[in-house]
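Two complexes come next, and they have one chain in common, subunit A, joined by subunit B in the first and subunit C in the second.
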Partner chain A sequence: MKHSLVRPGIVAVFTVFAALLPYITGNLYYLHVATVIGVYWVLIATLNLLVGFTGQLSVGHVGLLAIGAYAFCLLAGGQGWNPFIALLAGGGVCAVIGLLLGLPSLRLPGFYFAMATLAFGLIVSELAQAEQWLTNGSVGMPAPSFPAPFDTPWGFYWLVFGIAAFITWMTANLARFMWGRAMVALRDSTVAASSVAIPIYWTKLIVFVFSGFTAGVAGGLYATSQSYITPDAFIVNLGIYFFVAIVIGGRGVIIGPFIGAAVLAAIPELVGPLAKYGTFFYGFILLVVVLVLPGGFGELINTLVEKLRRTPQSSTHIEPDLEQLRTAIRPRA
Partner chain B sequence: MLLVIISGLALGGLYGMTALVYNVMYSTSKVLSFGTGQFAMVGGICTAWLVLDLHWPLWLGFVACLASGAAFGWLSEVIAVRRIVAASDEHLWVLSTLALSTMVQEAMSIWWGTDPTPFPRVLPQEFAGAFDQKFWLPLVLAVAMAVGLEQFYRRSMTGKLFIAMSEDAFAARARGVSTDRMRSLSYVLAGILGAMSGFAGGQLTFADFALGTALGLSGFIALAVGGIGSSVGALVGGAILGMLTSLTTHYFGAQYQKTIAIGLLILLLVVRPQGLFGTTRVRQV
Partner chain C sequence: MSDTLEAKTVMKRFGGLTAVDGVSLELRPGEVHGLIGPNGSGKTTLLNLISGYYPIDEGQIRLCGQDVTRRSVRQRSKGGVARTFQTPKLVLSLPVLDNAMLGGWPDVRSGFLETAWALPRPRREETALRERAAAMLRGVGLSGVMDRRADLLEHTAQRFLEIARALTLRPKFVLLDEPAGGLTVAEIEHLGAIIGVMRDSGIGVLLVEHHTDFVFKVCDRVTALNLGRMIAHGSPTEVRNDPDVIRVYLGA
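Entry: the complex of A and B
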């Protein structure tokens, strides 16, 4: 395959655009929306590894997001830790919980796993309501902000942007090389994958724990971006949103889910009346995409690009060497 | 204590009925629909609306409830299952039924509101503590439904065709069974049974838009505990889960219900993946 400069070019242009966004728009609200999209993306990027590449349908990542957010608020706000250390600690807590959740549930087949993670999401939101001594119940708790350069909306945006870019780079590397191949292989055929010595269970588990870690980090960032968290913020519908973003973006594509996440988060924010119907709208989009376009828009774009580029089918025409064939089959005299 | 046991059994009946509904759909399509619990939700809200708000007589409300379930079941087969099963990709039916279930739930929450509202009394009985109709109605109906389904599977031609399709859909098709029509029929039946369970459990759960997801999860746990495909298993699984839920609520408080339920599910699946009464192992090839 020829290395083209188109894709790196698009990525570079987009990166510069995203980095300069605070200068382009002076509107604080748009900046907030962009920040929230970045926060979601930190979670979705690795959830995509789990859902899109590995094919494990986790509906319950919103539970991990909630745990990360609460851990961040408790450690940085209550215990007075440095917010960055608290952010990493929140990620660590979620990685451990992801490990504990994944150990039994990743052994289960598709629908069972989806149900187990859905139940996990429900449990977390139930416990966040109930355990008042820890989470303050439905009253919620304030989220601390980050120290000096990152305490303005612009500064925080750049912090989120930096983390999101780093995570994207990591997931792209994971997806392109051996790990990504292993994930896609075990998604498409577990039996075939295990026959070529891919450790099925460990691959799933490690991807799950990694996505748990970034979900925790995203939780901390989410808490700061909202500046106050309550259990109501982490309803299961948010998990559906993550899911839809990945599916419409295209399973097994890195950048597709990003576009999905951005568009899905931006539409209800920017078109006021849609906010009430947000989840209904997500469900509708999910249904339409699954029925009409199972590969998502990422695959559609790939197909269109292939069509436009019109790479000729590289079929090598072989002239049979008839003379030699004749000699070969001629009976020996 | 009697009240704890009775309400546990009543909940168990409700969960068991949901598990039976899962079974009906699974037998013909091998699809575990995310929307299974929504049948009960739609049926319950439909009845509450018609009887309490529009003052329809109760029997007409019941008929309308079943009709809404049948329509919803049929639509969910047409919209979310038919094309997906034809394409036969395991992930996609999870997504399509999840999408449909989300849409229905959201539409209901927008139209009906998010607060649980009361459900009409079904029988003219004085409120009678532990022996009130809201407890025994779901329990009796669950047993009746399981017996009825078993009779249906064993005695009627349609039931036998369901069984044949659950054994091997291709072979059934090769023998001239109209598998598509049977699948539609099984979804209509599932919708009716689901709406009936929502009607029977309405006084216990109230007409609540969030009932569907909770019931779908609990019914699935009952199904997995009992074993997919077994009617007895569905009832026993439902009863175990219902008792556990009720006892947990009594001794530790309501906030640990789901934690205990999911703990039961995971424990059982690790020890005995096919469930208590299941025969076929879940194979992932």
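Entry: the complex of A and C
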């Protein structure tokens, strides 16, 4: 929705850096952390459309991540499907489940919708544990890897990077055209949204289904990145972390939550000896953001970008141009 | 055949209170229809009934001959009924231009995935709507603030932005809920001129307003309400000189 060279510049530099990361660091462990950030981002990027843009507070996306992961492992592992087909199928399953979950729950007011998604996350986590015939229970199951050239750590990193970039591009497109305005409008003022004929329920539902699909895809990638999945990986806390990533990143800013995703993946891995305090740091950052930067880091960045390209604003003195108005209302055919 | 927006013996109760009691009103294209009355007389309620924000208890709303009584706000907006609000309802986190562009939503044909993939149609629609909304904003006098976030706009400018958004919808009818509230004398002049252009362009305008001098000046017909009932109806001169209107509202 904004035109300037600053933002595309930042995005380009970041993209080149991320694409060349395997050359920059030879450390496989760092590469693994970067891969996990990418996997989380696949989910968080579209969850941000739902939470940040559309204002629907879902804390249960971990349930969709889990279903995507198990579907991928069962189809690509057990059934021997091509991993790429299985990845898409996992996304498809989650899109359908998102539809079934969204149909009743998106009619609820915000708080109750959040509770419904929380319940969903809890149920999935419980079923993964209990339905041993399907999930092996707490024993878990191995995750298949992708065929060459994506079977190496850097190959898989590039696969995740490519998918994440593609999804980011889609969310950015959605945000900058009319659909993005419609999402923000129904978040900020349902009265205004309905006055311009925006289909509120339908818009929420389609965003939810889209975020369900990518959560399923993220699930498959997550499974491969961990090479083995157990129900412990999909506790409801993770769903809350995703949600928090968006709050930290700044709702309604496309790349803002990337910071949240990076912090989420990096803290437990990189802080090392402090790993057991990972949740503490995450909570601490959340607290600081909520108290000091309610708009999140994304808004901070936006404000700085605005400052860089600040143009003097003329006054709000209202001086109608009636000729212009006449032709605008009744354009010559 | 009919091209009017009609309220027929409309009734609305809130609990024991009858807010609108059997009021009929016909809004014709190219005509400015004023709706006046003391506080609590049911003006804004009637506007909400016509635009669909409240369900009506009895009576009928007809849009261009079609019964829209049970239709949603959204369906009525798509049918060409635009409105503004007493307290402007804007998307405050979006720039002024984006707010006006929202009025073009009924003309958006691009689907969700089409937009996600930035195919030609969403791009085309984006350009067209941007131009349409910008022209409306220049038309109502907001050309200097198009990139400003709506929450940084003064209250009066927000009123004009709402009008621009309503017009971007290319409506047949526009319902204005106290648009002159808080405006300076000069701004009221501008508002009157804008309403004049709307009328000349064939739009039917319903003007709910307390500023009676303004109403009598710009309206072709006026309806006066008191306690939910219509007490007078006719030309501005007739209503201004109506004894009931003088007694309950205008004062001697």
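Here, the second predicted complex is superposed on the first by the 304 of 333 C-alpha atoms of A that agree within 3 Å, B and C clash if a C-alpha of one lies under 4 Å from a C-alpha of the other, contacts with A are read in each partner's own complex, and residues count from 1 in each chain.
Following the convention adopted for this analysis, a contact is a pair of C-beta atoms (placed from the backbone, for glycine too) under 8 Å apart; a residue touches a chain by one contact, two chains touch by 3 or more.
All figures in this text were calculated on a predicted structure; none of them were measured in a lab.
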| item | value |
| --- | --- |
| Contacts of A:V263 with subunit B and subunit C, given as first, second, both or neither | neither |
| First (subunit B), second (subunit C), both or neither touched by A:V96 | neither |
| Contacts of A:I206 with subunit B and subunit C, given as first, second, both or neither | second |
| Touching partner for A:L57 - first (subunit B), second (subunit C), both, neither | first |
| Subunit B versus subunit C as contact partner of A:M178, first or second or both or neither | second |
| Partner chain in contact with A:A165 - subunit B first, subunit C second, else both or neither | neither |
| First, second, both or neither for A:V191, with subunit B first and subunit C second | both |
| Which superposed partner A:I301 touches (first subunit B, second subunit C, both, neither) | neither |
| On subunit A, positions contacted by subunit B and by subunit C | 191 |
| Sites on subunit A touched by subunit B in the complex | 55, 57, 59, 104-105, 107-112, 114-116, 118-120, 122-123, 126-127, 129-131, 190-191, 236-237, 240, 243, 247, 276-277, 279-280, 282-284, 286-287, 290-291, 294 |
| Subunit A-touching residues of subunit C, taken from the complex the two chains share | 51, 53, 72-75, 77-78, 82-83, 85, 89-95, 98, 101-106, 108, 110, 112, 115-118, 122-123, 125-126, 129, 132, 135-136, 138-145, 147-148, 153-154, 156-157, 160, 165-167, 169-170, 187, 190, 193-194, 197-198, 200-203 |
| In the complex with subunit C, residue positions of subunit A that touch it | 1, 170-171, 173-174, 177-179, 181-182, 184-185, 188-189, 191-200, 206, 210, 252, 311, 313-322, 324-330 |
| Subunit B to subunit A touching residues, read off their complex | 32, 79-80, 83-84, 87, 89-92, 94-96, 98-103, 106-107, 110, 213-214, 217, 220-221, 224, 253, 255-259, 261-262, 265-266, 269-270, 282, 284-285 |
